[in-house]
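Worksheet: the structure to be examined is printed underneath.
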């Protein structure tokens, strides 16, 4: 867990409003990066004074000491990221949070992604494959054209796509792509309403649900208590107690 | 006068404690000092003010808790904390060694709760109490204790006898008459004052047509408030005889120097440490470099000169 | 309900005047409305509040008059103006045609001066008087009139008989008890209130080891203060029955919508128009687009809903 | 006098910390730029939210509808300018203020520049040459290495250089390069202490002094009264009543 200036190596559009950013250490002598677990995230902040706070972005891929992120432009913070050019400095703090426990994921594994929720699954899928998990399915839902779904095979054996406008794959919601009963564990990342639906399906089917939660963050490192969600074990910080939580622990009513 | 190669002396005396430098981690922006350990050891700082403690554990507020504004941060955490008993029993033993200046920040909504909470914490191994009187006073129609001199004085007077440790009272910038509140707290027995807490502020989600926060208003901190906080620090420092710890939007070593020039004994830094986890030790280094470059041997040379 | 292609109605009724939209140029940030003519015609705005006028001409302050802070602007202009007589005789005839809502902003340091100045301006062809009570009251030890309900009420009560025009009182955010001051002004005969004036703030040049401004403190405006100004606007709008004109840091049409939702009848925009000369008509357009996109037919639909 | 987004065409370092920026209209259909007088300035602001205010920069050269500026990096505003790349948008408001009255400058004309005060003189020198003034001298003083002094010949017949560290030209102050008695008019642009010295010399010699004054500005267009200086005719706005003032009208005591 470090905080320092990295150097942008690449920052390309992969779909309208979706970018893939890669950053490397600022000097060869920089500290060896800590090992990153799938599902962990980094706080990213450009040198621009506004917005004040860094933004949490999941790890998308790790190659040597180069970190990659897949992100969607939403507001000022991600707009600043999108303006980065190779060679630009970027403050990177991480890796942060508790990621996916690969050892605890086994049997028939379903990864459910909603939109940019696909971001952490590429690195997770690789880790699962390296851990010998062969029964991994990816179900990804998008509003319109999909993105970030390349390179999942051969790590996952089945990629299912849904789009709300029917422009590709099945027309409809991602939850229409699978039956929770067919899986031993469902791992989901996406907008809160999707997570609620996924977890509800899991609960009804008796399937284990694992959710990577979102929250507005200030520090990302556990200092401010700004990112808490209500869980069966009390208020928990998404940044340090999560972002990955057992689905049955999360109360969705706590969300605005 | 120091020769150019004498390192400047950053130490600060605060209520009998000697701080290695004037930069204290602000309450609510530093947890209990443990989360920062992967980045640096908090002994690099002048001290730590803990997350606000209340007599009983609190879950804090629901809904959105953070919102960014231009150069500012609004928060509505709602004093989420494990309560003083859990703090004293479980947390304090773990963190006692992190800093030679451990300040327990205590909040409350009723005077009786304040007295009980302060009594428990002051009896434990902390170095100082910081009384957060910005919390709404349930008995007085929800106005914060810190808004009126009379209310502020009564809570200070009530906790004073049970507080065997130095007592610092943290003032609210929303006070009706800030200097009046400061004088009333001094008169009622405070050993030091700290200011400012967050400014009462409002953010509206115009698309949803509602306030961003469930509580409607929330507290504004960060660089946006610095010029007002600096003015208030000077106003209070000139009015009272006890030491004043200034804060509000500090981002750099030069900002610290400005607060010292405005009369502050030491400072606290909150939001900047959320923006970047190593901000506080960087600020300490910047202050040392600034003093060296400007030939300032120690902080007393510039304190209150503006 | 409007059909999607009905243009939203931006008009606002203020003290018997009908403004074409709620965006008024703030005092001191728009001169007398002539300098903007190379960029746009001020009739595009809801109205104009003039540079603050005083009974006698004033040179204003020496030294540095402007200083930037994070998302803010500090100023210490010191009410430089040609005096009410020159305004009425020379300037007013030139600018009368620029806007159907010409608001003469009047300041002063003694009640007698206020009365004489307001009397002269109100007798001339202006549409409204805006009384700036943030100026220090010379007779009361330099505290601003606007800081205390009693002082504020006495100046309002004194000018009311000589003011045949609608009288808007501009409140200071530095007031001891803002809502109390607002209620006192309403009670004393104000027809409307505007807020906020600038926040009393301090900037220090740490290299020079002195305050940036000769007067030590100066007034803070701009985006930094918006969340506090918005909260204050809501507090006041909920307390009084007369219309409230909100301001402080407005940069966009959505910011205007936020102030209206907080209860403002109209708004003023100052600093943003200094950043970019065409900011105000752009804000008006943004507001119209926002209302159209959100299906808001007129401002009454959203006024005070937060 | 317009305010709109221009497009950066070039932005090169010409000396350490000194840049030359050129901007053109954002589209061929953009309004025809107003004629720019030498000594006028523009308010420049990048799209960055901080600093809040635009920065006044003198016109350095005009070529068709391309405006050039020569500037020194001092703080956050000019740092933002220095980061501009070709194609970037830049808000340009101007031309502003009262420039040099070329018609009123005649005879033996001396241009005195202190550091970046050289910026407006290039365009002025060209205008003087085009108006048939043949007796123009440039005296430019720098802390160290000179910059921005190329291309003055043949517009001026004599270029004199002083540097405080003696690295080029005469070692010393710019005022040591000339005697005001040898000129009919002295036009100066530079830091306030230099302007004070130049005007004092002119006053003693009975030579007309013309000064391009500096002041912190907010609006640059006459709205805020933030940029005033004390003159014999009262408080005057540098942005609209100046920046060019008759030297004998300026009280230098008004400056901090």
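Think of it as A, B, C and D in the order they're written, each chain with its own count starting at 1.
The rule is simple: contacts are C-beta pairs under 8 Å (C-beta built on N, C-alpha and C of every residue); 3 or more make two chains touch, one makes a residue touch a chain.
Note that the coordinates shown come from a computational prediction; the quantities given were computed from them, not determined experimentally.
Note on connectivity: the fewest chain-to-chain touch steps from chain A to chain C number 2. Here the spacing of chain C and chain D, counted between their Cα centres, is 35 Å. With centres taken as mean Cα positions, chain D sits 53 Å from chain A.
Centres computed as Cα averages put chain B at a distance of 47 Å from chain D.
One finds 34 Å separating the Cα centroids of chain B and chain C.
Looking at chain B, residues 70-72, 223 sit in touch with two or more other chains. Shared interface positions of chain A, defined as residues touching 2 or more other chains, are 49-50. The touch graph of the protein chains shown is a ring with every node of degree two.
Annotation, chain-chain contacts: A-B, A-D, B-C, C-D (touch as defined at the top).
Those residues of chain B whose C-beta lies close enough to touch chain A in the complex are 28-31, 35-36, 38-39, 51, 59-60, 62-68, 70-73, 75, 77, 80, 214, 222-223, 271, 273-278.
Across the interface of their complex, chain B is touched by residues 1-3, 45, 49-54, 91, 93, 216-219, 221-228, 230, 234-235, 240, 254, 256 of chain A.
Within the complex formed with chain B, the chain C residues making contact are 69-72, 74, 176-177, 199-204, 206-207, 209-211, 216-217, 220, 223-228, 230-231, 234, 249, 254, 257-258, 261-262, 290, 294, 302, 305-306. Contact residues of chain A toward chain D in the complex are 48-50.
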